[in-house]
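Two complexes follow with subunit A in common, the first pairing it with subunit B and the second with subunit C.
And then the complex of A and B:
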């Protein structure tokens, strides 16, 4: 455990150092992650106003709060591993990683966290700017803030592990792009990204509760905005834990199978 | 298990590749029936390396050298046969095993491109759990042996190919591996840098008693470093033994270089004239006749100087491959 901590610290330093060499591309990435929620925010505000002030249980100001927090949660939990993995396998970059006495997922996790640490301050400033512009309303309760911390952490882990597992599809197919596309559509609709899940018909909501996507993005947002009862919050944390266990299992199984293929056909 | 650092017995690696004729019809056909073809890349080779040995691993492109090195380092699973390295089965990729080996490939990028090599070294220190005190001493040692001092603080992308290769090699050896696999470590480097790296490999082997298995296209690497060579061709073992006996076994000729005043002298009757260069005439004669031809040359001609040599090792190796192919 201590050795792993040393490794993470060292990986942070490395990622920091090399990321700061690419400030421009970092900035462009961030523009992308701001624009998407901003578009939904503008659309839903317009719809709300034309509906006489509210849609479902959301007012325009509550939509603003939802999408600004969603932007931040998404920033914390998103990964780019699926693009990266395909490139890695195609270019044979996986072989050096396989020669190291450490599971390659550790390098990816710490790489992800450290790049988030670099971009987070900027995102917070942007969020503050959007708040001034769209005047969101939300009430933060002490218990929701407290419960938000593990919820956000679990959301990050589940999303990371699931997308890391999915990235392994590059071992089997060269058409990773198609798989990613299907995945992104599912995430868009079933995680609460395009609209709060409470606005969807009941069957969709039930589906979203069963699948992992809500627990990766929407759940922490609803939680901190005070839209969940303590029971719903606890159930949600339970669902996140179950998905954590499942995704850990998936990572192990798929990684082993992938490596078997990789080392059969030639690294 | 056994006293060998590396033990390979009847090792096979067969790649299965899908095969398709060109053309639209064949493309459609391949949707239904997939034709696959088995390509044996390594076809039943066996050898053992004692701890501390430096062995040259030779063969033409596609002979199976890299495939074998990858099986030895755990990147590839053998199709059949037995491999142990330091008593471990490489394909299990045991952490204790990985901490004791290294594989350096000429085109491998271990270092992070945008940051100084020293930062990448620090990362490797954490990955391989090298204790700080050991790290300092090995880093000092590598810095001295490879003359890395001025390179360590520059971003890797600003280094020349040779400089980068030196840093790559240092990064690969920071954890002081007991077994070192080198795949074309000097490829693309100029002669001075090649010599430097060669000297370093010899020194590393000497200081740490590491076992080294090395492939190279440059015979000078092999001649300088390896007493023993293993030659493979088409996945099969052609020769395993001392470099000098390889020469003995595969060449039936010697070359005699004669220096004469008369640069136009006709030496056809003594042997095959290979080259003529400012009074130096090079003859090729059957090995068994060497003594007799030399005697005749000295007796019959005003010889200034005379030198009997084995043919260059490149020529020998070429001959080995040619025989293996036929």
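And then the complex of A and C:
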């Protein structure tokens, strides 16, 4: 445990420095993650106008709060590991990582967190700007803020582990593009990115509760906006823990199987 | 005429190259179908709560999705792959080989790579558009069809010029791939009618990254919303941008000195 802490400190030092070098690219990549929730925010506010002021249990101002918080939660939890792995395996760049005496996932986690530390201040400024433009309303209760912290942390871990597992598919096929696309579509609809899940028909909502996607993005957003009862919040945290265990297992199994068939391409 | 023949050669070359990888056809077909299904499901969710979005009814929105796929397909067919190749060639110096050829270098580098599978998107876009028009019921007047064709060409010219200007930046800065990402993120916003957005975003999508001309404006022409002012404005914008892109290309080329020894 102590060794791992030392390892993370060193990893952070190096990855943070390298992320600072790439800050221009980081900000450019950010445009997409701002624009998507912004577009759906605009679409749903327009729908509320023609629908007598509210859609489902959301007013225009509540949609604004939902999508601005969603943008921030998505920023905290997103990964780009699937693109990264395809490149690593195609170019044989995984080999040096295998020589290290620790599991390569630790380097990836600190990479991810460092890039968020660099980009988060900008994202918060953008969120504040959007708040001025769209005038969201939300009430934050002390207990929801308290419960939001573990929910966000678990959401990050579950999303990271699941996407890391999916990234391993590059061991077996060179056509990961199609796999990734299907995954992104599922995330788009079932995590609450296109609309709050309560606006979907019941069967879809049940499906979203079973699958991991809601627990990676939608759940922390609904939680901090006070849309869940304490029981629902606890059940949600429980679902996140279950998915954490499942995804940890998946990481182990898939990594072991993948590494066996990996034969370095390149020099 | 000579240019058309040259484009034909590039096209034939990439068809021959790609036919070796026939599975790519099915992969691309699958990906395009998933993308279309996503767009349609998204619309279905939204239109389950309303019957018009900023004045566009479901069938008109369907037409817009069709146009979005057509222009997206045209960009992906030749503009994007060619200009990405161009940016790489400035960095590693292989642009030299293009420059020594006895044809206009801007033409050669703009059409050098053809991603033929993007034809699937174009065909699919026209199928969606036709479905939308049949469901709209009222016949499309000849004038509207002509305007649509005109606006589709104008939109493509505007997007092409915009890409050339961005790509020409690679003469000054080494890494510009990321700037192209800005365009791709903003193009997604073109799936929705531009009138939906607040003023500042509408301005950005019209004048800074001219996505509106590629999707909303041609769809407006088909659904009979196009005003004379927009029509003339779009054509003027196309001429100005085309001239500007030529100028940027020329200025950039003067700075080019070959990257390798």
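Everything below uses one rule, namely that the second predicted complex is superposed on the first by the 262 of 267 C-alpha atoms of A that agree within 3 Å, B and C clash if a C-alpha of one lies under 4 Å from a C-alpha of the other, contacts with A are read in each partner's own complex, and residues count from 1 in each chain.
Keep this in mind: contacts are C-beta pairs under 8 Å (C-beta built on N, C-alpha and C of every residue); 3 or more make two chains touch, one makes a residue touch a chain.
As the structure is a prediction and not an experimental result, all values here were calculated from the model.
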Original post:
Regarding the shared-chain residue A:261, is it in contact with subunit B (first), subunit C (second), both, or neither?
Top reply: neither
Original post:
Where does A:200 make contact in the superposed view: on subunit B (first), on subunit C (second), on both, or on neither?
Top reply: second
**OP:** Have a look at where A:141 lands relative to subunit B and subunit C in the superposition and call it first, second, both or neither.
**Re:** neither
Original post:
Between subunit B (first) and subunit C (second), which does A:234 come into contact with in this model arrangement: first, second, both, or neither?
Top reply: neither
Original post:
Just subunit B (first), just subunit C (second), both, or neither: which does A:7 touch?
Top reply: first
Original post:
Touch check for A:133: first (subunit B), second (subunit C), both, or neither?
Top reply: second
Original post:
If you stack the two complexes on chain A, which partner ends up touching A:124: first (subunit B), second (subunit C), both, or neither?
Top reply: neither
Original post:
Can you name the residues of subunit A that touch subunit C in the complex?
Top reply: 24-25, 28-29, 31-32, 35-36, 38-39, 42-44, 46-47, 50-51, 55-56, 133, 175, 177-178, 181-182, 185, 188-189, 194-195, 199-200
**OP:** Would you pull the subunit B residues touching subunit A in the complex into a rising list?
**Re:** 15-16, 67, 70, 73-77, 91, 93, 95-96, 98-99, 101-103, 108-110, 112-115, 119-120, 122-123, 125-129, 155
Original post:
Which subunit C residues qualify as touching subunit A in the complex?
Top reply: 23, 27, 30-31, 34-35, 37-38, 41-42, 45-46, 49-54, 178-179, 181-182, 184-186, 188-189, 192, 196-198, 201
Original post:
Across the complex, what residues on subunit A touch subunit B?
Top reply: 3, 6-7, 9-11, 13-14, 17-18, 21-22, 93, 95-96, 98-102, 260, 263-267
